[in-house]
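What follows is chain A paired twice: with chain B in the first complex and chain C in the second.
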Partner chain A sequence: MQVLELSWLGWIAASIIVCWALPGRWRPWGIAAFALAFLAVEDPPSAAILSVMAAITWWSGARGGGQRPGIAAVVVLLLGALAAFKVAMAGGGFALPLGMSYYTFRCVHYALERFKKSLPPHTASEFVAYLFFLPTIVAGPIHRFPEFHRDLKRTRLGGDLVSEGLERVLYGYAKILVVSGWLIQEQLQPWIAGLEPAHAWLSTYLYMLSAGYMGYLTFAGYSDIAIGASRLTGFRVIENFNNPFASRNIVEFWRRWHISLTSWVRDYLYATVFSLTRKPYLAALSAMLVIGLWHEVTARYVIWGLAHGLAVAGCQWYQRRRAGGTAPSSRPRAMLGAFAGWFVTFHFVMLSCVFVMHDFDRAMDIYRTLLTGRP
Partner chain B sequence: MTAEAVSGAVALLEAMARTDPKRVFIQGEDDRLTYGEAVERVARLAGLFKRLRLAPGARVVLATRDDLALATTFLALLRTGLTAVVLNPESRATELATLVDAADPGALIMDRRLVERMLPEQIKDLPVVALDDTDAKVFRKLVDSEAVPPPPASVNPDATAYILFTSGTTSRPKGVEISQRALFAQMATFVRQYRFDARTRLMNLLPLHHTDGLTQGVVVAACAGATLLRPMRIRVYQVGEIVDACHELRATHLIAVPSLLALMMSLGERYHDALRTDWFRFVISTAAYLDPGLWQRFEETYGTQVVNVYGLTETVCETTYCGPDEATRRVGTIGKPVDAEVRVVDEAGQRLPAGSEGELVVRGAHVMKGYFRAPEETAQVLRDGWFHTGDLATEDADGFFRIVGRKKDVIITGGINVYPEDVNAVLRTVPGIVDAATIGLPDERWGEVVVSGLAVRAGAQPTEQDIAAHFLRHASPEKLPREFYFFEDLPRGPAGKVVKAELARLITDRRATAHHETHSGGVRERVLQVAAQAFKCRVDEISEQSTARTVDGWTSLAHVEFLMTLEQEFGFTMQPEDILRIDSIGDALQLLARQAGLSAGDAT
Partner chain C sequence: MYGWLLPRVGRRWALLLTALWFGALIALVILLAAEPKAGFRYDDL
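== the complex of A and B ==
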């Protein structure tokens, strides 16, 4: 991943210095120029594709603004391009353009909000700076235009900003390199593997947890680096994780995990499906399916998405049913209920991770061992 | 360095002409006006007035949503010695007819939609200049076609500069007549006390038909050679944008009513550094009582000083100032008088010793000439050179004044004065309503809220929607009561007069048992309750600005429940597009306002 390479750090450092050195009106262009230059050097086709998508998105707002068929066509075009690349990638034909998953969703967000006339007045340079923003271009988060625009207008360089930014970047690298890479992968997992064959169930169970945590820490680390680098450039982008493994139900989990993606899906997909069908469970199922496909257009992510969709719909059904009921009569009972909720949620998430983090046969082996205790 | 005081209208225009013509005088929503343009248009407008044969002393009714047109025309009227009668551009037909009739003007300059609300017999043979508030070019073209006559060499300082009506919907309106001398005396005080100069960038979004927007905005900015910032209209759900605009447009001062400060306190942490800049100097809180708790919290949160000022339309604008200098500053008070004498007196008009409660009276060059064509009302408040404010106050040993109550019958809600009798007069015309009594009840955010008790004819069942719709046909939205309470008869004393204290008690009881009837104004509270229930949080934890990103319990399901409960509660079905547009509680309020056929500002 580029974020871990020294060259990326060099790009980021140079971009931060130049951005602050430029006069206010040139800053947006400076931000965009650095990101575009980075893409052009690292992956020229990505730079070209993303530039075309930016042009289409801007054009849709400038020319098609207010026209429903026009905006629908642009959204279909943008999402269709992403889907096409994902399908091709799944077939081994193409590599996905760098950052396209995040970038496309930012374009759709911008196009729809502009259609809704909810964006603040802004210039083309500000729009381009939003889309071509180096700290978030590779690994998200899917930040939103109004917040970005607001920071572009008002952030000033100061000691707080620098210390906050550096701190987050360091946290990010520590999560990825120290905790996930060294501690879990190099120290813990060999020790877990050593428990086999005498303790096959325990070894598999601990391996499942360690792999889940590694995935979380790595992704959260990327987000920390993006958030920290954004801060150093003067922007406060959306937090992507909020202690997701402490969730007591699956709905709560999805409010704490990859927040920028789930909030995008809630605002633009869940709400759309619900508004058209008035069926909240169908909306939940569709939303989770799309989250699955956003990761990868493969059967395993379809199944993973549907499983989470059913779990979210079930949880919502239970919550609605319980809404008129009474609260637990005693504190121990309430604590027990909370623990049970956490236990089920945590294990559901971990078990579902197994399915998408390994190939099908390996995943089945893990499930079998966990069910039977046999290696 | 503070700008030099200008002595009158002639000196004002001369000073404006000396200012850099490219400097922005007013930054509006979509347009801006430079000093050069303003001076030229003022000169050309004199040509229009001449063509309309308006002689000095004639009154011109001015009512438009176009801030730049209003500001330019107002200054032109000042310069030519004519009297501006500035009316609410949201006035309904009944109000408009009453106020135009009372003003007895020589010409009408108003938005076309207002002209269309008037009957031909109300306009008679008055010259009418119709503006288009949606197209600023109409005004510009109109002005640019005028010849520039030589301006009058001088303007009588005792001429009436403007009249602002403080009450009057269907009954006797009360117009405050302010002389040029009083206006410019007040401007000199403002410029000196606030230390305004050409670098001042004054954010003042208050309406221009109120003195706080007009004199403490347009006129003072012109007097100081400053820039007035009016980039948007005040909307409750756009408070964050107002704060951002202060930062983006490098405002040096923000003039606000306490309700706006309370709303700013509901904004998230991200906004709290907006005024902590090298250029921002202080906030001026005007038009209503500023709660000391809010005052201190605001100063701590936003890291800036709040200058609390006190005054009335009858004293141009302000009389006492609590800050910005330390000598006049004591939190919880209205500070000390500047360029004015202020006393606390008893019923006989005798000055009371420190600590005693009595009526606040004011004397100074900035006091009004009187109420327009209302000698009796004028005599009641202007006695022996002292203006009796109707506010109850105390003065402490150090000379700081504190407002403790009110003698007069007025409700101050969000900085707007609402006279109960104006509201009652309209409510009594609603079919099925026998009598109405309106009171103000304390409210954390708005200072007071307007609520009305209605005596309903037996068998009649007027709905709140019907009443609100009827009301808005005859009176401006700012007067619309937030809540209605229905009674067989209103509580009355032996002489048959409504006992307001008893009415307030009955209404408070009904509110407490939550069986009250509400309509559009109460919509906010109901929506917040629905939201709090859906999102499993307390009502005081959410506001118009709340979104899924700021409220923990705002899950997708909770969002759906919120919308579905709103549909049930308000009896309508949302269209798919409506559902997609609701991202915040403010969006929901806007939608409901549209449903009720009101503007968003009305409902919020």
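== the complex of A and C ==
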């Protein structure tokens, strides 16, 4: 099931209408029922598996409050289930339950925050509505419970939410279908391919940039559609992108790219590893490795995660080293430094995208051409 | 968009430009409704 399919749009439209038609106290059940019905129709095993995970998460909060080993066991169980499915999927044996990667991280967030007693008082229906929220269930963002709970209190859909929601949905579709699909894939990439073999280096370089932008625009488009549909349902969920290719270093890039995932990893993994070991570079490396494995349990994503982890750790080291130094003496020097930082970050991200967006042989061909200029 | 245009070009032009912009976007999305092929999908995770 994909976000762009008309049937998904139909489900979203119907859920928005029904959710606003229901009286306030029935709204959380309506939200959850629609998402569960969608899962049950599209992929019944997904509905069953995600329901079991929801029951475990709720049970852990209701029974295990205050018990550290209990909450640790639940987190290991949830993440272990995700890891097991990802390994099975990598082996070609299984399909991942719909939206499970995003869903599992929401469950872990809820379980840990409930353990810390930082969640607002809520009912089981509000918890179920949070986990089974149709706009974000397939492709994220990994929104948080407190904001969701706050917006559940909304009693009417204002004109500003309707306008913002429709606009975001339209921009999302435009990013995917018009810019990424038509402009880049159908127009630009054939033109780039036509440059070979006389301009092999230029052709490969432009192809790398176009593929990187396609990946970004497609995912940012999914996020826009999810954020827009959430607004139409009355919820403001976390933004997922903030102009990431303008970043001047890799740490800044990861604050602007897939923000809901990176903030989750920062809060629950980076902070934990850092507090246990007091080693920021180890925390950065493990955080980026987990982000890689979250995408796919394959060697290419392990290498990609480690490369980004080393880059983040290197950047942190450089920033700490410079923290005690003097600022650039002139404005041109500062501008040159900013440009160099952007240039290195942008190309590092693009080159790393090549590794995960293509099979190994094709990626090596691209790197070889970029290094030697030969096709 | 309308809110941004309103103090700059007045109500009539703001309405017209907003309608044209969103009309053109909707037309493009409908006309070019072909999803790009991808080896990795974020809505399949």
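Here is the rule we use: the second predicted complex is superposed on the first by the 373 of 375 C-alpha atoms of A that agree within 3 Å, B and C clash if a C-alpha of one lies under 4 Å from a C-alpha of the other, contacts with A are read in each partner's own complex, and residues count from 1 in each chain.
Heads up, the rule we're going with is that a residue touches a chain if its C-beta (ideal position, glycine included) is under 8 Å from a C-beta of that chain, and two chains touch if they have at least 3 such contacts.
Source: prediction; values computed, not measured.
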Per-residue touch tally on chain A - higher for chain B or for chain C: C
Touched partner set for A:Lys116, first chain B, second chain C, both or neither: first
Touching partner for A:Gln319 - first (chain B), second (chain C), both, neither: first
First, second, both or neither for A:Val138, with chain B first and chain C second: second
Chain B versus chain C as contact partner of A:Arg266, first or second or both or neither: first
Chain B versus chain C as contact partner of A:Ser286, first or second or both or neither: neither
Touching partner for A:Ser275 - first (chain B), second (chain C), both, neither: first
Touched partner set for A:Ser60, first chain B, second chain C, both or neither: neither
Chain C-contacting residues of chain A that also contact chain B: none
Chain C-facing residues of chain A, complex: 1-4, 96, 99-102, 138-140, 167, 170-171, 173-174, 176-178, 180-182, 184-186, 214-215, 218-219, 222, 295-296, 356-358
Partner chain B, residues of chain A touching it in the complex: 116, 118, 120, 150, 153-154, 236, 238, 251-252, 255, 263, 266-267, 270-272, 274-276, 280, 283-284, 287, 316, 319-320
Interface residues, chain B side, partner chain A - complex: 241, 244, 247-248, 270, 274, 548-549, 552, 555-557, 559-561, 574-581, 583
Footprint of chain A on chain C - complex, ascending: 1, 22, 25-26, 28-29, 32-45
